[in-house]
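Following this line, the structures themselves.
First chain A sits with chain B, and in the next complex the same chain sits with chain C.
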Partner chain A sequence: MIAPPKPDLVTVNIDGKEIAVPKGTNAIEAARLVGVDVPYYCYHPKLTIVGNCRMCLIEIGMPAVDPATKAPIMDPATGKQKINWIPRPQIGCATNASPGLHIRTQTPQIKDCREGVMEFLLVNHPLDCPICDQAGECKLQEQSTGYGRGYSRYIEQKNVKPKRTQLGPRVMLDDERCILCSRCIRFSKEIAKDDVLGFIDRGSYSTLTCYPGKKLENNYSLNTVDICPVGALTSTDFRFKMRVWFLKQTNSIDTESSVGANTVVWSREGQIYRITPRQNDGVNDTWMADSGRELYKQVKADTRLVSTTLDGRAAPLDAALKAAADLLAAGSVAVVGSGRSSVEEQFLTKKLAAALKAPAYLVSRVGEGDQLLISADKNPNIRGALVTGLIATLPAAKLAELAAHIDAGRIKTVVSVGEDLAVAGLTAAQLAKVAVVYLGTHANATSAAARVVIPTLTVFEKGGTFVNQQFRLQKFAKAVPGPAGATDDLAVLAKLAKVAATDLASVWTLLAAEVPALGTMSFANIPDTGLLLDATPFAGLPFVEGESLHYQPAAKVAATA
Partner chain B sequence: MASAISSSMNLKPATLTRIDELITHYPVKRSAVLMLLHAIQEDVGFISNEAIEWVAAKLELQPINVYEVVTFYPMFRQKPIGRRHIKVCRTLSCALLGGYKTCATFEQEFNTHRGEISPDGEVTIEFVECLASCGTAPVVMIDDDLHENVDGAKAKKLSDQIKAEASARR
Partner chain C sequence: MPAPAQRRIIFKHIGAPGYTNDLACYVQHGGYEMLRKAITMQPAAIIDEVKKSGLRGRGGAGFPCGVKWGLVDRKSGKPIYLVVNADESEPGTFKDRYIMHDDPHQLIEGIMISAWANNVKQAYIYIRGEMPHGARILEKAIADARAANFVGPKILGTDYGCEIYVHRGAGAYICGEETGLIESLEGKRPYPRIKPPYFPAVLGLYQCPTIVNNVETLCHVKHIVEMGGDNYAKIGTPNNTGTRILCVSGHVQKPGYFEYEVGKITMGELLNEVCGGPLPGRTFKAVIPGGSSAKVLRFGETFTLKNKDGSSRTLTVEDIPMDFDTLAACGTMGGSGGVIVMDDSVNMVEALANINAFYAHESCGQCTPCREGSLWMKKITNRMVHENARAEDGQLLKSVADQIAGRTICAFGEACSWPTQSFVAKFGDEFKGYADAKKTAKPAGALDLV
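Let's turn to the complex of A and B:
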């Protein structure tokens, strides 16, 4: 592996502490590295810097040199080089580290500055924290506690602005709460490339708005809600549903495409309330698509399978497994795995197919990519199936070969791991000709036609790993318990494949032993930001993904190299 | 009156030529936005949404970017005004010497309120800040002409003049 070039480091002094940081690092990030908090609102590490909130004011200075000789000027009192402090405070977000830069964040002047800025920001801010959705994760709330003056001198009338503006189908705006940081405007323009937001009018009347007749309705609009430092932008889905401090946060992965955006699932008492992006600078930065945030709704969907059935009638799990085992023992079996299953499940699916000497199929889902965080491959884990050896070539959208086998009578039983075989190209007649063992989460044509139906868990109810388009192995954890009646996919697959490993840890012992690419790993050792696997064995495959954030298709990389 | 409130933007050929020429004054197109808006307001009298979108397309911007500029500057109008724009100064010197009374006289004469189009469509009266003629307060600007020492009587005289011109046109 080629070592990355050493960044150009410069030494800066922050509140008396020396630290070496890459040249150009801004003062806020440099201070973060030494554990000094510089408060800010408008600054966002992934957006351009505008410096309009003025909250990150700091004092800066440079070591003094004689203008003529360039010799350092020493301070006789300390014996060190004198520092020329700039008398006026500067904004930290736009101050870049340069050699010898000195920063002070804790002086009386800076305290005054922060109190002054806070006081002005609060002049027209309504005191509606008790009914505000942002309470608990509001920068204004936190920083007025940390850096504000603690009481108000303001006795005049506050400005009145629109309280409920529907900016788009998913985003609601309360203009009174807005502190005009412009993060949402910059996000729309720079990341979502949908420049519809702006400030109109001037001074105290400045109002965030969409251009008349336009809406904030791109598939990334909810990121503006995430980055809003106050409660001005709220999600219409999450609004007034739950206090954030009651919610448990669980790391997860967005399953809508092979990008595998890192997410946090927020739940309480077994119910999921929202999904937000989790920062991963190698995958999704701090963003995710709106469509991925609604996926939790499948957990409580009406079509959810919650009881094991045998020949259409509810049956105990043991009886269903026994019936399935008998069907499999009779031979002439095909296994249809899924690009939506986790690596562990795909591995057990492979073990199952191998034990039965049955052919294994996968179903591809190709759609449109948006060149940002949704790729053309709508399966989150096709590469996992390649890595575990479940498949050797990329799957097709239709199971034509399997259909032919069924027509010829060579296949009598089909095990489907969550794939709707009707959608995958099998006709009702073909489905009727075979006995189907269906492991899945939601009812569909296949579950209706199946001999044995064993309800399993959604991605939110189990742990596991996916391999995204970059061949990055990323893990997700269980956020909520599954519904009564559903069984962990791993347990069912292990039972059918007659493998002793029924939980993640034991499956990983097997994985490490049998899959060379994962030879040195264990589930616990995968970092939260994922682990890049060696993609070279699969370099020749015609993957469907186009360019997206932090991803270049292999063909394009080869062309530019 | 209806002729002034025309929603379609019929820019004069001269204005269009001028706009194309104005854009060449700047290293980047978007810098011309203020000048284009001025040119359009001079021609049509106000900046309609249609004009905003037209300017945005012309300068390769999004409409919201132009809309921000239009709403930031109070002297860009988003609605049509009367045939003449009467701007009465209300800054200190004029206020002390009767600017408010002058304004009230105009309002009475044309039977209208500040910021509205008079019923005959002839004028729109507005207060403005200092017109830089404090020595001759109170002052009034009617379109581009400065009128000094406009007390109640002179305001009446000016109003009569406007009305006379209006009836002559009819």
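Let's turn to the complex of A and C:
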């Protein structure tokens, strides 16, 4: 027996192992905690429970008590309290932990139940694993291996259903593979709030489809592919491109807005094949937007900068850095940092500006939020710039002050860390008036006008951290190497700022020493789910984000408190 | 010994010369007097009478009506709904339709009494899609009753009111399952809900406490108010009280519906005397006693049952009283009262193929065992009948059925597997013989499928 549980905990017994779990935890999750696998298909921790796959059947029982006296009834054979087992198996997903609940998952009846459900799921399944994209990450494959009989008794004709239905621009449906778990339907209805999916027909001929005249085209449609336990829903983008078991998984962060959805980047031999969400119950649960999954395409874009240039001609990196250093040494410099840069890069950008006694600017990028996982602030890391002290207030809409300085001749050189100054509000005439040192990944009007262009890395090609709208410090890792000709932003900034630290670990030593909010941290110790920083120093700032999943604007929090 | 006479309570007037389904005719025969009486009683007192009556649900499961009413969450502050299950879809059952067609006001009176007893302000009659005529009759009857102040706001000069709405199904057997019915009533696919947590008494229609009763059950409530729970309980046999309507179809000389005290007539009396026995030159072979989902009984088999005093008695099929408990003890059920009789002209494999086709067609498709298993069983029996039959098919059928029963969201799992389980268990020789006969009939050179 374990110690009496805390008030909000209840003790349950799973296959003889006792564990205290929060009241209401379902049997699948409770079993997971003691290392007991309860297989399932339709259950998803972030969706409503429908209990339709019947794979998670378990036996449950409660300790026997005398109905009159409420005294425990003891089993003389074991000397312990007798358990009244319910003969009929129950679904684990809808069985919630209550005090004294006993669960058995390893009895002959449960083995038979699982074998039965596995057999039923496979009788009308096409078994086209050799050409199925889900192969390797398919619950049907895994659980038929783990819980099936391994042979078939089915000699009848299989049902025939549509094999290629384009549900929307990004999602393809194979109805023959569908096991009708309804996860995608529930996701569309409950999370995406776009109730376009449903079943038609009935019985074994039930078919998943879109409502007539509608498409599954919302910006979260690819989550249905993620949660499809089989190969019924596949991504049009990823389909037939690569076997999943060849892919390397790298933890990353979605950079399309300040939500900072946690992601996994799937790559092989330096090429990225897909991006999927990574579970973080404090940020994005298990979801991410479709738009964030396409960002990897920037890596191989035609406009990618892969050559260091000096006055428009290719030049060695050393020569470019020398030319840049000379420009900076001449004074009258302004630095334009970026809300897309990592915390580490912003920190070095700040050091660069400080060393030059140059004003530092940031480019604001405000759009519409969707109240789910895209916020109004399209910069992933404005708060990083605040924490590191690169800026003290939120950036203005346009670089009007910088433009005025240039017009007045007070600024002669501008260092831009990845920002297109033309988009940020400078005119062509203003750009022509100054010498621009451009560190960036893609060609644009600023790189075309720059004296010095140093190609740098995308978020997929380097490590670092971002601070999201919740002031959660989250790290991302390098998934693929950068192209030949590109240099790590940190190395370039360190060189220009004359700082010795050129890699993540050494920059973090400086960060911990110089930024009080990060005083006790090191890069290695940041958990995969991030670390909440103290937001109170910035509480008065007018952040643009509205309410979204796991986030409430400070004003709203204050109003409801 | 001649068969006992019918005890017509529900059918007291139905079928009598000159009796129509008009309000005037109903009132002339004492109609709505029990509603007048009930409205002067305390609701709790009515519930007490229903509990004392021992009335068991006539829809199929035989759950005690008073207990069901007692489970309703009355403290939630939410409205309580009464839903009348008129989706009579079980093959072999045709009693509720008769009531609704020929005596709709009896049902409406039963509904209004039950509504008053349970503080229900809105009641829904969910009527099977294939009964448009019944729906029209009910609509008219409700309109007439409303005009006469028996239904609607402030009935009979009181402050109490209850509206009754008729909702037509679209033709799906599963809509007779109470939570499937509720989903359908809410405008969704009739996917039965998981229980727990969605017990209708707590989280039913629109997530409010809901009572779902069969048509015949609610009609009995009127008569319980009339005679009192204790007197009602004297009808029938202990724990199997009242009367019930038995619908006999199939191979008998005089099929039809008959109202008897529960357990006061045996299967043999019903089939041989009331229904005139088998067709000329035929003998009874099998009977399904409670709608097609009930387990089949084979004439000639015997059942040894325990008596209360510890002794045992042996019954033949003909000896079984038509009640809830004895039929259950014999491994089948009284179900919905649909007695389906098969004589020796019937091939049991073909009969099962017919039943399996029905259940495969009606499986809603929500949960795996029933969805895939019901169609698989249909495909097997279909193949046996139309293509080739294998000696092992009987056992395969049983095994598939065993993988369904008890593992599904709703009772459809049992409904579709019990026929197969019982047909194979009791007529296994026929399944084997069918395969042997098919084998010899197989054309030369045809390949085995396995």
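Here, the second predicted complex is superposed on the first by the 554 of 561 C-alpha atoms of A that agree within 3 Å, B and C clash if a C-alpha of one lies under 4 Å from a C-alpha of the other, contacts with A are read in each partner's own complex, and residues count from 1 in each chain.
Criterion: a contact is a pair of C-beta atoms (placed from the backbone, for glycine too) under 8 Å apart; a residue touches a chain by one contact, two chains touch by 3 or more.
Source: prediction; values computed, not measured.
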Which of chain B and chain C A:Arg202 touches, first, second, both or neither: both
Touched partner set for A:Arg54, first chain B, second chain C, both or neither: second
Chain B versus chain C as contact partner of A:Gln298, first or second or both or neither: neither
Touching partner for A:Tyr154 - first (chain B), second (chain C), both, neither: second
Greater chain A contact set [chain C / chain B]: C
Touching partner for A:Cys210 - first (chain B), second (chain C), both, neither: first
Partner chain in contact with A:Leu180 - chain B first, chain C second, else both or neither: second
Contacts on chain A seen with chain B and repeated with chain C across the two complexes: 198-199, 201-202
Contact set on chain A toward chain B in their complex: 195-202, 210-214
Partner chain A, residues of chain B touching it in the complex: 49, 62-65, 67-68, 71-74
Residues of chain C that touch chain A when the two form their complex: 172, 189, 191, 194, 196-197, 360-369, 371-376, 379-380, 383, 396, 399, 402-404, 406-409, 449-450
Residue ranges of chain A in contact with chain C within the complex: 49-55, 57, 88-89, 91, 94, 112-113, 116-117, 119-121, 123-124, 153-157, 159, 179-180, 198-199, 201-206
